[in-house]
Structures are given as structure tokens and as C-alpha cells.
Amino acid sequence: MNEEQIRRLLEELRDGSLTVDQVLTDLRKLPFEDIGFAKIDHHRTLRRGFPEVIFAQGKTPQQVVAIAEGMLETDTLTLATRADEAVYEALAARFDEVSYDHDAQVAWVGQLPAPDESVPPLLVLSAGTSDLPVARQATLIARAAGCSVQEILDVGVAGLHRLLHYREALDQAGAIVVAAGMEGALPSVVGGLAAVPVIAVPTSVGYGASFGGLAALLGMLNSCAGGVAVVNIDNGFGAGLMGAMICRQSRRSNP
Amino acid sequence: MNEEQIRRLLEELRDGSLTVDQVLTDLRKLPFEDIGFAKIDHHRTLRRGFPEVIFAQGKTPQQVVAIAEGMLETDTLTLATRADEAVYEALAARFDEVSYDHDAQVAWVGQLPAPDESVPPLLVLSAGTSDLPVARQATLIARAAGCSVQEILDVGVAGLHRLLHYREALDQAGAIVVAAGMEGALPSVVGGLAAVPVIAVPTSVGYGASFGGLAALLGMLNSCAGGVAVVNIDNGFGAGLMGAMICRQSRRSNP
Amino acid sequence: MNEEQIRRLLEELRDGSLTVDQVLTDLRKLPFEDIGFAKIDHHRTLRRGFPEVIFAQGKTPQQVVAIAEGMLETDTLTLATRADEAVYEALAARFDEVSYDHDAQVAWVGQLPAPDESVPPLLVLSAGTSDLPVARQATLIARAAGCSVQEILDVGVAGLHRLLHYREALDQAGAIVVAAGMEGALPSVVGGLAAVPVIAVPTSVGYGASFGGLAALLGMLNSCAGGVAVVNIDNGFGAGLMGAMICRQSRRSNP
Amino acid sequence: MNEEQIRRLLEELRDGSLTVDQVLTDLRKLPFEDIGFAKIDHHRTLRRGFPEVIFAQGKTPQQVVAIAEGMLETDTLTLATRADEAVYEALAARFDEVSYDHDAQVAWVGQLPAPDESVPPLLVLSAGTSDLPVARQATLIARAAGCSVQEILDVGVAGLHRLLHYREALDQAGAIVVAAGMEGALPSVVGGLAAVPVIAVPTSVGYGASFGGLAALLGMLNSCAGGVAVVNIDNGFGAGLMGAMICRQSRRSNP
Amino acid sequence: MNEEQIRRLLEELRDGSLTVDQVLTDLRKLPFEDIGFAKIDHHRTLRRGFPEVIFAQGKTPQQVVAIAEGMLETDTLTLATRADEAVYEALAARFDEVSYDHDAQVAWVGQLPAPDESVPPLLVLSAGTSDLPVARQATLIARAAGCSVQEILDVGVAGLHRLLHYREALDQAGAIVVAAGMEGALPSVVGGLAAVPVIAVPTSVGYGASFGGLAALLGMLNSCAGGVAVVNIDNGFGAGLMGAMICRQSRRSNP
Amino acid sequence: MNEEQIRRLLEELRDGSLTVDQVLTDLRKLPFEDIGFAKIDHHRTLRRGFPEVIFAQGKTPQQVVAIAEGMLETDTLTLATRADEAVYEALAARFDEVSYDHDAQVAWVGQLPAPDESVPPLLVLSAGTSDLPVARQATLIARAAGCSVQEILDVGVAGLHRLLHYREALDQAGAIVVAAGMEGALPSVVGGLAAVPVIAVPTSVGYGASFGGLAALLGMLNSCAGGVAVVNIDNGFGAGLMGAMICRQSRRSNP
Amino acid sequence: MNEEQIRRLLEELRDGSLTVDQVLTDLRKLPFEDIGFAKIDHHRTLRRGFPEVIFAQGKTPQQVVAIAEGMLETDTLTLATRADEAVYEALAARFDEVSYDHDAQVAWVGQLPAPDESVPPLLVLSAGTSDLPVARQATLIARAAGCSVQEILDVGVAGLHRLLHYREALDQAGAIVVAAGMEGALPSVVGGLAAVPVIAVPTSVGYGASFGGLAALLGMLNSCAGGVAVVNIDNGFGAGLMGAMICRQSRRSNP
Amino acid sequence: MNEEQIRRLLEELRDGSLTVDQVLTDLRKLPFEDIGFAKIDHHRTLRRGFPEVIFAQGKTPQQVVAIAEGMLETDTLTLATRADEAVYEALAARFDEVSYDHDAQVAWVGQLPAPDESVPPLLVLSAGTSDLPVARQATLIARAAGCSVQEILDVGVAGLHRLLHYREALDQAGAIVVAAGMEGALPSVVGGLAAVPVIAVPTSVGYGASFGGLAALLGMLNSCAGGVAVVNIDNGFGAGLMGAMICRQSRRSNP
């Protein structure tokens, strides 16, 4: 409810077409729907321009279905991240057009939109093959947000020529998501080569002193290259969303 | 040295105007100048579109001056971050037009450019008055990169109405930098309100279980709001640079 | 055994109705019953005014039943926290009137008392749907202690309007328990809005750099809002007990 | 600005005594005053019933004085915590009636109120003599909030008889603040003895594996006694404020 | 091989009854037997006066049996700690007189000796019922070393009277082992009451910020009571061994 | 006040030579003296058989002097650990016979007793020369407790022959204190060689990944040698006290 | 593609046998083959002189087989580390000559080469029997690299004579790999005895405060012996590879 | 004292030229000299082929001089690491030919030897100018060990072309020391390019989440490149020593 709407309410009050209590009630009626254990925020899609996403971890399949039902009253596409097979099956039993990416542990109801060709593509890189699930999360969310995505896997720093082979892709992207585990060095190298913002996503790939991705996380936070920001360990979703938001800035009407 | 330049070299070789050894020499001549203890990367400014920055911590004032001398052969503006008074004084003794922001511990040689009005402004928020030095760093770097910046301080979550007062600024920004110490909750709240990318910068403001900014850092990495990415503790510089890069995306020619 | 009782013992000794050894024996006879692997503290209920609670984790169902048997000799209500199905079944096989809340992992023998309407209610908030188990623990324990409880779930800081909708409930509560995982920012926001003590309980909801709830814990400890204190990760029990104790202060006869 | 005030505004609009723009302006005029680097929240005192407090660490003495000036326009008592001598001297040079407790690093302008004898006292305990500064912080803030306070120092668990000597004080308090460093065991013992809420404040007293108070903090969070909640390391201020809020619950009119 | 033996060797060499090579061979023949994947140290029993113990974790049942076979060539009692059912069954299939304590996860071949009544008993305390497995480990090892042991469980600090009930036992012990999880405060209280060395063993009982026993470990290391030393988390074996060594000091012939 | 004294009190009550109130008063008069900021525990010396020790860190020199005054009313020897020059000078200005060991940061009033030759000596080892201050603390406290002490420095594991040279001393000691920083490996090696209890004291000697002694602490807690227990980092005092208590066990009359 | 090859390309261009575009194409054709989810680096074997190794953790058996297929086009031996039974079975189903070491979790296709007798052997030591899997990894990789290896297990520091028995092997090795868990002290002792580089590999053997190998890791990093370097926890592969590289230095033609 | 010497002793005993007691005395006379607070190990130089080094941190200048005096009885070159100006001045006051490198905090008595041209050079790289002190330490120690050293500074991964410029130096080195702070990514990149062992030394250069070099340390331990081993944070000394030992392997006579 923006200032314009409030102004209109007040004008109707002034003009006598609404009572004080009606206006108070409208001011109080906030744009979310209460389904008991979760509050569905219909306005968020409008505010951010992205489909609403359900964080499925720690929720029962029934809870996820109920939240999706609420969302699909106003949206045509809903995603669930950290969704296991049971969540997918519960969604598939309830809705048509349910898809599931097993690697990324992402399920969605509805169709991914066609890429908006007016914005530059998002480039999604991974250091190793084992980082694929996290990279794929980023890809899916960005595609759900209408971005075109190029995904290049296994270009870690121990074989630099593999990355250097793709210099052109680095130059064309609107933003770059880099998923890496172990020492997490790839974002620094990419940050030194690329001219666009880099979103680094540490993965929990590794063992021993990787401490579940902590080593990669700290490495990325301490990157000596400018233009690198970091999201949570294994948070491909967050990286892809941030990346898509940046790519879409290019469509922004200048002030 | 891009492919076009290499092609031209090869054509000159083919045409006999260059010898094999001359071409090899040129291929080897990489675009940095060696001043002994530091390699100056003249091409980086071109690649990233930002003035080169000297990380002054752990360097002697003499080293900073020498690096700045190398940079100023090709650039007209050079900044030094984490620069104490001694660094400033050494720069001021050597160059004209040296400025210093004591709060931000940033010194610069040359003039900050006029803001590029064709890109949306960067909004820089801080949770408390004590976060000012980090926020100011972000402001200065973004201004050095040609962005206009709006700085709003002391709008932490313990008094929400202070932040809600500035809803309009949130909507107009091209990107938002949020500096916060202690529990670092402000970026999550801003991320829930704003439609543009948020760069969260944890500060070391706090004591006890803040562990030098670790609490704020972890809080920001775990933000439940989408579109939030994080830089190192007290890294106002990195946040401002990332923010400016995002704002300037809006100027990007669509593909 | 308070001073009054000791005085009476001594008087009986003085008057010859008790011998020195009898008095020594009585002084030594402490108010707990030994059942071998656990000491049951019957006086604790009196001292604290709360039913005694069994921490079931790490105990066999048989041990829990035996401890409950000892307690129910003097109490009419006994709770077991961190109780899995096996504990519940062992209790149900032994006692009548056994209840179990699967979400909260709490089992109890006997009936929860009717709420004491003379004290203000405890408000229990959760940031997300996944925090429900911890919030429910707090609710059950506070109800066992005779408090009325209002439970509001999924009002996290990424959608502030959801919380602001419930301003009235914040004002009416005697104390507020806030369960939140991930960045754990909700207690700070609530602490800035409410006039009563806030007990923050971090949950292990999250992944990656949440480090099992550490991020939320540190965030809450560093809250910039006054009037916020913190209990252990996932310790809904402790938060609910503390909350009930505070609510009941209002019944306290002034000195 | 509460609902009642909004209703009145709307009625005046309906009645024609205010225009739409006047109402919009009033709705927008939030109750804080902007002094550039800090926003002063005059309504907070009303909301919480406590004097506003300045966190002086990381602020210049000049900033603290300016913030205090803003506060004292509407309040008669203002405190600054983590205030060193320089802050005190700057306040003393600007205001009358400035006091300073060197141990607690607390300065205040105005007079501490007479204790409200209608509420039970706050008991402040410390495990050792070295914990005095933190305990004293709690004492001062609680007194500023109108509570009477009893302070008992050096009653750590290695000499239990010292604590047991004060059983009566434990029974009379409305709430108990316990400051302890090293292993931080005192709150558990007090929590087992007392019938009222215990606010545990870990101190950084110790060395080696105390890790700046981390050992005490973890110990207190893991307390096996119910009714214990914890604040940040060395946060005597927060503990005292929470304690005073609990003590004052007894004055609360029952619903 | 002590100096006396070496002297005798040299004398035999001097007297011509041994050759240089024979002496060199003897000097080289070290007192352990090599069974391929483990070196059995027969002399250790003599040196320490305790049965040799096999750390079974990370070894296959077959490896444990083979090591036990080597040991039982010279010893009559062998213990395996951290031994699961499979290890017990493999030992029981190979040897007579095999016993197993399921709580303590300790198996042994041979008979525990009768307690040596000439040394004071070892007192083994636990804070809670859940700490029993660790306490039992200590008990078994000390009994294997010939000590008499008194075991008192569930005397944690939240109910001090339970511990104070056993003051006499504290006074009679030669040493005291204290097992405690959660905040690990019991050793500090016992250390303040007892006149003999206290060996504190933190247990992994707890959850959340107990971090697998870290909270208890740090608490014990920071104990404000003198005469307390600490072993690894859950290391009942080490605590019992240390305790038995101290108790047996009383048998030591004075110099 | 032990049971015998209480029995006598009760008998006098029975016999009419004391009134009930007199007995109550005596029961209440606990054996500590209150000097405001510290409680002096005169009975502790009796209970533990050691001089009382003042932890001077975090106390003002005036506080240390006042506590010492209280102690010296009943004791003839008092020590202050973590005492800097200022503490020493304040003690020297107030008392006669004040000594100070600058390395160990220990000051004492009164004379160290002659060693009790009826108990075996305490052996104090250090891995490096830099560990001397911690080792010396142990030596002084043990000597204050009446033990004879042998101190051998700089016998770290990188030059094993240095340690093996002193095998005889290992065999003659009643207990062994081992101070080591860096990797803290010496206690494991000593524990494998010696037949008596080893108290390991990690020191903060080192840099980088020593993390202030954490590496040594963890190493010692994980010692693969039995009969090793650990005290806090740099806690030479605690190690020496524990060592002396063990040595004196040999004097204990068997039950 | 080295300078010599580039020079030849340029000469062919100069001589007209290649066109500019052909040269550009060759310069761009980097020496790796893209199989979609992994980039195979055929040149690496040449550069390092070792067979390429597949890190199997986090990859499906199908992915490992596909990568192995690519490698075996140019190599005759390929290893997979952290390979479980499923990976082994998938390899065995696809290729001939597949071997598997269950302890080390290493599978390989092709034959290990005969040891190169012209280089000194690698010595692989383990502190305990439980460290065998990590030690075996080192052994296999070094043998795959053509080194002869001597493996000696269970020579931990708690029984020094076991290690001292093998002094001769220490002297003959070209490099020494030392695997140890718990306190990780063995590398320091070996480093003090041996004249060649020691590669320390911490293992996750242990419990409690071993924190998954962190204690051993920190111990080894802080080794007081020179000539010791460390690899990741349980990284027997890395240690063996480094050890083999050092041993083969002896074959290096001097400059 | 090696076996050969022992054999000779025994032969002299057999032949009657030595008595049993003389032999025992000689066997006991271990090759170190005791100067009270430090044991000087004259044989170590022989064993390792390197000058002995004094770790000066935590030692007084007087202690360093005394240890140096002992060493210089048999050596001609002695180094002190972590030596401040005071140590240097004390050495310069006592000995001739004292040198000091202020950057590296290394002092030495005697002359660095001429490089041994028969071994390949050690390459010492640093990621940034601020890493120079650590890199210089490595250089000095390796030169003290007789190696030739090439030092290349400021070739961090954010500007890859700077490193790629020096490919030839990577190929010619016998081993490579890489010093890097912040994210510590350089060793991974170098490890992927070079064919020789890489010793990675993390530096404490950085701030915030670098946690004193921890980020770089973890990054290096998790390096995805083979042939990389790690030493302690800021341990340039250890890295240089390890590097020199590896380079000198090439001189080793093959077995």
C-alpha cells in the first residue's frame, strides 16, 4: 500500500465516501494472508519482481503444499528450495505442471518463463564437478526470474587454462555467480578478470579443514579482488537471485 | 592485450613488418610495470572502469608513495584505504591535490569526479553512529567511481520507525550498502523492504560475543531476505565498489 | 528445611524431647529421594512453583519412567522434554493421562492446569514456520506453569508488516518469547517495539554458516535493543519457563 | 503515534479542519529528531519507561555530548555506558550534575531517582572481586530505572558457604543478576536456589581458555538450572535493564 | 632395559662372555613385539602398573582380537575401550572370561582384581543421569587398576543439597573423578569442598551451545577452584586412570 | 565448622550452657570474613592444607593489599599470582618479608616453608626456554605448599635426547608438571615414559595457528598417553598446586 | 603449449605455411577436453609427471567412470580417491584391470608402475593402527608415482622406543610422511630425528576435543621441529604426492 | 653419537682400554650442553645440515646472547628469528659480524654462505607487497642453508598476468615458497602451474574475517592442487627451511 493509495483513501474520507472506521480498517489490512503456521506475502512478488520461494527444509510436505496453495492464488510460478523427493511428490500429487531438479533439490509449480533477451545473461561458474548442485540452484532461480543463464562447470584454479578459455563469456555476462568449495579461490581469480559484479557462493564440497565450507567462505570474504560479494555456504538460491537482480538493473530506466 | 591486438601483431608478422622474436617479445610484455616490491596494473583501471586502489595497511608510507607514483603516470585519481595519518602526510608531501578522510581512513590524490547523473544513486545506510567510518569508506569509493551517493546513518532495527521514514530513498537507489555491527540485523530488514540488491558490510562495532564483527558477519550471511550479499568485516571499500558496479549496470547497453 | 524448622528442632533438644543424635540425624536428612541413578528433588517444585521436568535425552525410556514414578508420588503433573516416541510410549504404558506433542518432543503425565487469568499472558513468537517445534516447547511449559499463552508464528523480519500487524499483542503480554533461526534478528526488532522483557531463543534452523544455530545465538547476544536476554539454542523449554516466571511476577505481593 | 492519535487526525480531516496534505505530513512526521550522525528517539523513553542510554564506545566525546543534548531536551536523566574519562570530561564541561563511576565506566547527566519501594529489589551478585565493574554497571542502570538494588560481591562457587550465607537475599529479590567470569558456574547454583528469574552476565575476567569470556558465556547458556537467561559478555548494562524490567512487573496492573 | 641391565651386559662383554655384536644386538632389541599393524608394548604394564588398554574405535574387531592375543601372552587382564557390540562378540568368540559393560562401551578379557584395601578409594561423581556412561568408564578402569571405587550419580549443581549430602565421601576419597556435561560446573563446586585432587571429565551431554562438550570442557579448564585438572571430553578412561594413579600414590614408599 | 563442633554446640544447648538463639547465631556465623569487595575464606587453608592465593589480575593493588591483610590475620604466608610490579610494590610498602619473582609474576608475603622431605619431589619440566615463566609459577606454588621441586627447562621433543638424559628424575618424582607451548607434545612423550601422574600445562608461547595456546591445549587434551590431565593455558599455578597435592598423597595414612 | 611450440607456429606463419586465423585457432585450442560436467586436463600428467587423480567424493559413479574414460584415452593409469564400493564396482564393470584398496578408499585402473630404484624410498609412518587408512592412501599414490615406499605403522610417541627402533629407516628415506591423529605429536619427534623433509598429515582419529582432527592439525602446524610441512586432515593422497615429488628431486639433473 | 661410535666404544671396552664405568659415562654423555635455561644441541647442525636457529620471541636479549655464545663454540653461523631491535643490539654488542634484516625480524652472527650452484634455486613468491616480511624470512633462511634464492613479490591472483609473466622461474626452481595473506589463493594457482613441490605459508596480512591469517591457512590446507603443503601462519622461516631441504635433495647420492 503506497502513498498514492493512502492519498486516495484520505481523499475519499474527505469527500465523505468513506468513514473514519473504514479508512482505519483499510490502513490496518496488511497485504498478507494468514494460513496458521505461515504468513503468505502476496505483495513481495510485486515488490521484488520475483516469484515467491518456499524454504522447504524443516517443513513437512503438507506444510509446503499448503503454503504453495496460498501463493498460487495470486502467482503462476512457485519454487521450493531444499526440497527432497517427498516434497516433490506431495506437490506433484496436488498440482499440475510440477517439475523437479534432483541435483539442485529444487521443485517448482508452473513454467519457467522465457528468458528476457533485453538483459545481459547471468554467467554461473563452478570450480569442480562436485559443486554442480549449488550452481544448478543458482541457474534455476535466475531462470525463474526471467534471466538467460550460461553455466560452465569445472573450471577451478588448479588448471587456469580451463578458465581462461572462457574469457569471452566473462566479458558478456551481466553478473557472474561463482560456486566453489575447498579453498574457494575461483572468485578471486574471476574477480580479477571480469568487469562485472561477482557473487561468490562457497560450497560444502571438501573434507577435513574445509569445516563444512568454512574455508571457502573465509577465502571468499577475504578476496583481494574488488567487486566480489558473498552469500551463505551452499546458498545457490541466494546467489542466483542476487545475480538476476543485478542483470536486470540494465533494464532500469535511468533517472 | 586483447585478441584484436594479437591479430594485428600476427598480421604484421605475416606481412614481414615484424620478426618472430619481436612478436614473441610483444606477447611476453605484459601490461604491468614492476617497481620492485609491487606490480602496478595499469590495465585494471580500463578493465573495471574504476581508479586503482592501494591497500595501505602493512605498507610503509614510502611504499605507498612509490606505488602511487607508478599509478599516477597513467591515472588521474588514486586512493589509499586503511591509510593512517603518516600515509596521508607522505602523500601530501609528494603530490598536489591530496585529500584525507580521517573517519574512513582513506586518502586520495586527484579529484573525485562529478557524479554521473545517468545512473541511479547508491544508498549507504548505517545501523549506528559508530558504524560511520565503514559507511564513509563505501561512500568515498563509490563517489570515486563516479556514482552519486546518499548516506543515512543511525537507522538500526531497535527503532524501526527511523528506517521506515526513508522508504522513498530505498525505492530510488540503484543498490544499497548497509553497514551494521553488533547483531547485524539491518540488512535483513532492508532486504525485505527494498527491490534492489543489498550489499551488507558487517562492522567490528560491538564487544564480547561480537567477536570482532563475527556475529554481524554470520547474521548477514544467514539473512532470511533474498538479494543480500556480504563482504568482509569493516570492508566498506569492497561494499562501495560492488554497489557502484551494480548502479552502473543500468548504463549498460543491452545485448 | 528452613530456619523456623531448625529452631523448633533445637527447642525440642533443649526441652529434652529430642537427643543430640536425633537432631544431628534430622539436620542431615536432606529433602531428596535416591532412586539409584537419579536423585528426585521433591522440594524444588515448592521452591520454584513449577512442575519438575525430566530432560529425557541420553536417558533410556525405563530411566524416564522410573524418575517419573518418583516425582508423581508428590506431584500431579510431570513433563519430559527432548522425549522421542519411545519415551512417550513407555510413559503411556505405565501411567494414565499421558499426552505427547510430537512437534515439541514433549510428553507429560497429568493435566495441564487452567490458565491463571490474574497474570498477563506470555506471547510466543517465531520467525519462520520451521521454528515451530521450539516455539511450541515454550508454549507447553508456560502452560504447565499456569500461564495463558498466545502463539504467533512466521513473523520474521524479511516481511516487517507481518509483525507490525500484531503490535497490540506485544503491548498486552507480560513477557515475550521469540524463537528465530538463521540470522536471529527478530528479537532485536521486537525488543525495540515492546515494553516488556524479551527472552530470545535461537533455533538451529538454517544451514551453512548458521553453524547449527550459532549465528542466531551470537546475533541475539549482540542485540542492540535493551531488555533482551538469551537462552541456549533450541531451548524452548528454558525460554518458556523464564517467560512464565516473569509473567507471574505481576502476582507478587509488593514488599 | 498511536491509533488514537491517528483516529483523531482522520476525524479532523473528515471534519474539514485538516487537509489531506496536512494529514499525510503528520503521518510522515515520525517521532525522532535527526542530528546528522544520530537519530534521537524521544518516544523510546515513554515506550520502555527507562531513560535513554548512549553506547559511547566508538563515538567521539563530541558526538556523545551532541546526542546527550538532544536527549536532554525531553528527558531529565541520560546515561552513557562504556564511557572513558574523556567522555566524562566532555559531558562535565557541557552540563551540570554530571556523575561518573570509574569502575563501571558509566557517566550520567541528571540525578538517579529515589528507589521505587513498591517493587521488590534487584539483587546483583558477582563471583569474584574482579567482576565488580560489570556488576556495578547493572546496579547503576537498575537504579536509574528506579529500582532498589542490593549488591553482593565475591560469592563464587569455590566457597559455597559464602553464597549460602545470603539465602535470605535470594528469596527477597524480584530478580537476580549474576556476574561471573572464568567458568561462569555461579548462575547455575543461584538458579537452583532461587525462585525468581536469574539474568546471567558472563564477564571477560580470566585468561587462557576463557577466550575473553567465551567459557563463561557457554557455561551460562548451558545452565542445567531453569529460569536462567543470558546477556552478552560484560554487558552489565543489559543485565541490569532486564532485571529492572522484571522487578517492575510486580507493579503491573493485572488484566 | 635399565642401566643395571646395561651394566651387566657390558660386564659380560668385558669378561668375554659376550661379543661386541651380541651386545649391540641386545641394545637394539627393544621390548615390543611387532604384529604388523600394531606394536605391543609388554613393558608398559610394568612401567605403569596398569593393564594395557586397547582403543577400539577405528579398529576392526579382528584387529582388536589380534592385539589382545599379543597382550595376553604376558598379561592376564586386557581392556578395550570405545568397544561396540561387534568387538565384544569377537573377543567372546576367541577368549574365555570376556565381560562387557554396555553403558561404558568397555570390554575386558580376564578378571578385574580385588580392590587393594591399602589405598584410599576413588570417588566417581556425575552431575546427571545421562553422564553415567562416562562415569562408569572411569569406575571400570580404576577397578581394573586395583582401586576400590565409590560411584555417586546425579548430584549436579542445580540441587546443591544432593551433593552436600555426600560430604563424608568427599573427605574419604584418595582422589575424585567428576563427570559433567552441559555447563560442567560440578568440578568447581567439588574442588571448593574437597581436600584431594579432582579430575574433571567433561561429557558431550547437552545440545545447542554445548557444542559436543566444548562448553563443559572450557568451564572445567577455567575452574576457579584449585586442585582441578581436566581430561578430554567423554574420556572417562583417562580420568579413571589418573584417579587410580593418584590414589595409589599413598602406597608409595617415601624416599 | 565440622560435625564435631556442631555436636559440641548441641551438647552445650542440651546441657543448658547455651541458649537456642546462641546456637542459631553460631550456626549462622560462617567461617569467612567480609571486607566489602572480597570474602576471605580462613577455613580454606585448613581444608586444603595450602596457603590461600590471591588472583591479582583485574584487582587494584589496594584491593590486593586489603585482601592480604585479611588473610595474614590467620595465615603466615600469602601469595598473589598474575601480580605485576605495582602489586608487588604495594605489598612491599605494607608488609615486611615480601618477595617477588618477576618471571612468574608471583609475589608473596612471608617465607616459603622448608621442603617436606617425607614426600617425593615434584618434577617441573618445560619444553622451551620461553615457557620458563609458567614453569616457575608451578615451582613456587609447590614450594609454598611444602614440596621439594626439581625444575628442568628446555627439553622439548624436537631433541629427544635432552629429555631421555633425565630418565632418572622422571622415575623419582611424585608427580610431573610439564609446561609446553607450540604443539604441546612434551606431556605425551613424558606420559609414555613416566610411571606417575603428569599435569600438563599449555603455554601461550607460539604465534599464528597457536591461537594463544589453543593448539597446545588441544594437543594435551588429546594425549595418547594415559595418566595425563590438563589445566588452563598458562596456569602454572594450578598445575603446581595439583602436583603438590598428588605428591603429598604419599604421606596420607592408609584407611 | 610451450614457448618452443609457439615459436614454431609463428615461424610457420612467417613462412606462409599457416594463416593468421590458423595460428589464432591453435593458440586458442587449449589442452583440455570438455566432457560437460568435467574438464579433463591431459597436459597435467606431463607437467607434473604423475597420473591424474579423480576426487570421487560428491560425484556419482557414472561421473567418475566418464571422467576416467576421458583420462584413459591418453594415460595408462588413473586413480580415484575417496572412492566407495559403488565407485569401484562401476569402474570394474567398465574397465579391465581395476583394483581397489578398501582401507584407503582408493580405486585404480591400470597397473601401478615398478618402483624407480634410482630415487630414495618414501617412508610412511603412522602413530596408531587406526591411522592406517590415511597412511595407505599416501603409500598408494606414491607407488603410482613410481616411488618405492616403506610403511611402518603404530609408532606413536607414547612408546618412543617403537620409533627409535626404526632410526635407520628414517636416515635412508628421501622424504617421510607421518600420519597421526589425536594430539598429532609424532611429526615433531620425527622432525627432530630425521634429516629429510617431513610431510605431516593429521587424521581425524580421536574424539571429543580432537574436533575431527583439528587438534592434530594445529599441533602439526605449530611443530617446534624445522622441516615439517602439513597437508589437510585425512589427506593421505596429498601427503603421498608431495612426498613422491620430493623423493624424485634426487633424480633431477643439476643446473 | 652413532652406532659406529658406540661400536668403537664397545671394542675398546672389550680390548680393555676402557672400563665399564667409562663406557657407561660416555653412553650417558649426550650431545648437548646445558646452559641452565636452554639446552644447546650441537649435533643438530650435523644431522640436518643447517645452522641452528634461535626462536627469540619470549626470550630476553640476554638469553639470546647466551644461547648464541653456546652455539658459536661449534658453529660459524647462527640466526635468531622473531628478533626485535633489542635482540639485534644485544647481539651486536657481543659479537662481530652481526647483521639484521628489519623487515624479516631476523638477526644473524657470521656470514651467509655463498649459494651452492649445484642445486636448483628456491623460488620465493608473495601475493602482495605486505607479505614481504614473511617472504624475506624464507629467503634469508634458505640462503643461510646455502641455497640460491629468487624472490618475486606482489604476484597475487587478482592480476593473473603478473604471475604468468614468471612461468620460466616456476619451471627452473627446485621448490617454491608462496607467501600469501587474505584469501591465500596463490599457492593453488602456483601448484596448478608448477612441476615442483610448493610450500605455502599463510600470512596474517588482512583484517576482519581473515582472523589473523586463519582464512589464508584454511584456504591453503584445502588447496585443490596437488603438491602443496603448508606451514604455520607467518612462518617464513619454516617454509624457507623446508624449501631448502627439498632443493638440496637434488644433490643426494642415489641409493
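By letter and in written order, the chains are A, B, C, D, E, F, G and H; residue numbering begins at 1 in each of them.
Just so it is clear, a contact is a pair of C-beta atoms (placed from the backbone, for glycine too) under 8 Å apart; a residue touches a chain by one contact, two chains touch by 3 or more.
Being a predicted model, the structure only gives us computed values, none of them experimental.
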{"item": "Intersection of the contact lists for chain E and chain H", "value": "F, G"}
{"item": "Rotation in the CA alignment of chain A with chain G, degrees, nearest 5", "value": "90"}
{"item": "Self-contact between copies chain E and chain G, residue sets same or different by half", "value": "different"}
{"item": "Chain pair among A-G, B-G or A-C whose interface repeats that of E-H, sharing over half of the contact pairs by residue number", "value": "B-G"}
{"item": "Label of the chain whose CA centroid is most distant from the centroid of chain G", "value": "D"}
{"item": "Where chain D and chain G are represented by their mean Cα positions, the distance between them in whole Å", "value": "59"}
{"item": "Geometric centre distance via CA averages, chain F-chain C, whole Å", "value": "40"}
{"item": "Distance between the centres, which are taken as Cα means, of chain G and chain F, whole angstrom", "value": "49"}
{"item": "For chain C paired with chain G, centre-to-centre distance based on mean C-alpha positions, whole Å", "value": "55"}
{"item": "Contacts with 2+ other chains: residues of chain G", "value": "128, 159, 193, 208-210, 214, 217, 221-222, 226, 232-233"}
{"item": "Pairs of chains found to touch, sorted by chain label", "value": "A-B, A-C, A-D, A-G, A-H, B-C, B-D, B-G, B-H, C-D, C-E, C-F, D-E, D-F, E-F, E-G, E-H, F-G, F-H, G-H"}
{"item": "Chain D residues touching chain E - in the complex, by the definition given at the top", "value": "127-128, 156-160, 182-185, 188-189, 191-193, 206, 208-211, 214-216, 218-226"}
{"item": "Chain G residues touching chain E - in the complex, by the definition given at the top", "value": "128-130, 132, 153-155, 159, 161-162, 164-165, 205, 207-210"}
{"item": "Chain B-touching residues of chain D, taken from the complex the two chains share", "value": "28, 30-32, 36-39, 41, 44, 55, 57-59, 63, 67, 82, 202, 204, 212-214, 217, 232-235"}
{"item": "Complex interface listing, chain E residues touching chain F", "value": "47-50, 53, 117-121, 172, 174-175, 193, 195-197, 199, 217, 221-222, 226-233, 237-239, 241-242, 245-247, 249-252, 254-255"}
{"item": "Touch list for chain F against partner chain C, complex", "value": "3, 6-7, 10-11, 13-14, 16, 19-20, 23-24, 27"}
